[in-house]
């Protein structure tokens, strides 16, 4: 039977990778994801995990090592944070386009300047359009489960795509939570050994990635697009099976909380969803019909589900944990895709961008309450006064909404 | 859409990369002088060029605005210019040519000798031969005419001049005087025109 | 516990008993008379079928795979010009674990990175150095055609002093074209990588020697480095029939020295009794045509200094900030 | 409500295998036939040839092979680019350059240079 442990998000990712029997691991230190590799190196050193541990000379090398290992038929695992994500950028498209389903754990971190080790989604959100599967976990348990689930989804022969398995730096990666760890036999039953249809193998030689004519470019892009088109089906299947085998109950795409009769919802990804749930509870006590919607995947983006299930709300506040300077609405990244997903509905909710959790700042209950006021008003009037709100900065009388930590 | 007169130039990689480009530029610039709408470009997939690889350079001339500007190839060249005669053996140089096209070739060989290597010669109405190499020597190959570069030394100093000069004999899309006007080696253009042997087929 | 090669590829005595099988087969878009292509063919011949080749971006990627095909009878993969060493590390690590787990049966394949000078000692230096440091059992070959040739001949750290490239054109202000002296590639590897026990330079002018150095490198366990002199008719601007002749001239003039560095010991090959002047080499190449006598003698001084102890680092004249091209 | 495209029809000439992975060639790469690059071809005089194998070992395109039965060098017209290295490196002057157009055949004719 599953034993329960008290794991940080980092430890959860490491033990998830161990359960997935990763074969090639490559590391480079950067806070806050470093803990994942520290755990794995111990497991390898003690012989608890039979894998090659390659000390990369940078994130660019980490991504390259996992690409090479994955192309040779080994299950490969790496990870990074913040500026490291940016440094690996060149290799993301070759990995996704080459269809090498390796996994890159992300404990996100603000980009410079100046040096800031706090959580912010902007780092990996900037790499969201390369073809990677990508989604944020809310808790160490979900980090553990996603690590295994993402491999299963990415290695599906209809998909064959690499994955960003994301968690909020510090908030999820460093604050331990309960993680029920299943038996290895359960994981083996769920996740078959990695099998690449045409690896780099002298016994059956193939050439990987020769030049193509510009005219063929669209055709090869369509392959990546097609793999993403297959994803919702595959995700549905793989999450369902995971729930059955491990006795969990994950929604495939959209995790909803108190949405049945909600007038407005907070729409956000990652760890701050925890706080959002508590905020919703308090608001409900006050008779405010608030709810929360959390996409489990950012790529593929759950636009179908949003169009299907979020049209009924009067207002949606996308709690942005990333920046999109100069982008539409001048807020974060989520609002672009949420608004776009709702566009074809006859009756559309009012949607506004609500900045929170940038650079690792604490997203307080109070902030959700302030934003709730805005959304409640929008729900009444059917429209928002601003595209984007910066709680505590752009509206007077919000003392305490943002407090300095030290 | 307006009728477009397409010219495809075949040249030898590295050795004639610049000359080939100059041939297309001579044609385009000459037609431009006559107030036509023109276009001249290299085949993108043929570059980076390699020593001896066959290269394609293109020119287009039209009386009206050319609406399809961003394409890779000339699909239907009415005139094909060969900078180095051995290319006709290895490549279907008349690829896409509508019936009644013209072939201009830099060679010291006889027309019959050349036609032996063109199985689809029935597409041709005329063939023009000229020994351009004996009229204008190729200067030392250097990096002056690099991909996308500015032609600082002027265009048409080498064999491209007499070759395009010869082409003037069989088309009115661009005129001798305009080619002379834009070419660096004006004498070469004239000699090419005079020495060109036109054969009707 | 690392899987190690048990193979002992035997030395090739003469051209005649070189392996017949071509692993780098006819059918590639490299220049007529391409030095790197010749080197590739010889390296692949020496490696044999149980090999995996990596092609960082460069001529030997682009020209060899234009379009959607390639000339390798073995497995091959493209990698970025930046990461040849890192992708090779991943492949080697994968085979270590796959063999250990019994998922792949057979001798650890020869993993060979075939990188240009840019992919080896310029933008690819970091990944190459890390592969050497970590001790992956792979061979890193730098085919040196002394420029970024695929993009139309731009200067690289291997481009010799005084060469005309499309990024170092000679002009009134900078008459020499390139004013800097090149990096010493083998020294970069020898100098700081304890895991490396074998580094050698070879030239396409001496194919048997080249093939044997490849095999010697492959017989060594752990990382090894080969620096191959590969004349480039397009980039150096000489008649493509003279590719091998240029390589020979380079050795006769001291512009290139064939040597092996084996566990700290230097051994030299093909040293001429008397060196010709560098002018003898440079006069055949249009890339040096613009040079004045004083430039040639500057090059001669540099070569003379190098030849005092080939393969060892020497001080080079440092260019002023304004002229650094 | 619009739906996503899930199935794509890709015309044959544009089809690329998954991840652009293709099988390795065995003895020649017919995707790039280069014999049609030649301006001149090397012609061998078997009388003079000493089968020193310089042409074989110095050919970047592996276009000279020794036929062990006949002990004669065999030239690969399909791929030889006519670089003339073999002619330059032949110590016995057994090789000469002749214009390709002096020969009626020996070249695979292509529509595009690839």
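Should a chain be cited, it is by its letter among A, B, C and D, assigned in written order, with residues numbered from 1 in that chain.
One rule holds in what follows: a contact is a pair of C-beta atoms (placed from the backbone, for glycine too) under 8 Å apart; a residue touches a chain by one contact, two chains touch by 3 or more.
Quick caveat: nothing in here was measured; it's all calculated off a predicted structure.
**Q** Of the chains shown, whose Cα centre falls closest to the middle of all protein Cα atoms?
**A** Here the chain at the core of the arrangement is C.
**Q** Go ahead and note the Å separation of the Cα centroids belonging to subunit B and subunit D.
**A** 27
**Q** Roughly how far is subunit C from subunit D, going centre to centre by Cα mean, in whole Å?
**A** Using C-alpha averages as centres, the distance is 24 Å.
**Q** Round to the nearest whole Å and give the separation of the Cα centres of subunit A and subunit B.
**A** Whole-Å distance between the two chain centres: 57.
**Q** Could you please state the distance in Å, as a whole number, between where the Cα atoms of subunit A are centred and where those of subunit C are centred?
**A** Here subunit A and subunit C have centroids separated by 43 Å.
**Q** Find every residue in subunit B that makes contact with two or more other chains and list them.
**A** Residues 13, 45, 51-53.
**Q** Residue numbers in subunit D touching 2 or more other chains?
**A** 16, 20, 22, 24, 34, 37, 81-83
**Q** Which subunit C residues reach two or more other chains?
**A** 29-34, 62, 66-70, 72-76, 240
**Q** If you connect every pair of chains that touch, what shape comes out? Choose line, ring, star, complete or other.
**A** Drawn as a graph, the chains make a fully connected set, so complete.
**Q** Residue numbers of subunit C touching subunit A in their complex, please.
**A** It is residues 49-52, 61-62, 65-70, 72-80, 82-83, 85-91, 93-98, 100-101, 103-104, 106, 109, 126-127, 129-130, 133-134 of subunit C that touch subunit A.
**Q** Under the definition above, what is the set of subunit D residues touching subunit A in their complex?
**A** Residue positions touching the partner: 1-2, 4-6, 8, 10, 14-16, 18-24.
**Q** Can you name the residues of subunit A that touch subunit B in the complex?
**A** Residue list for subunit A touching subunit B: 213-215.
**Q** Once bound in the complex, which stretches of subunit C touch subunit D?
**A** 15-16, 18, 22, 24-35, 37-38, 41-42, 66-76, 204, 207-208, 240-245
**Q** Along subunit A, where are the residues that touch subunit D in the complex?
**A** 97-100, 160, 197-198, 205-210, 212, 215-216, 218-220, 222-223, 225-226, 229-230, 304, 307, 344
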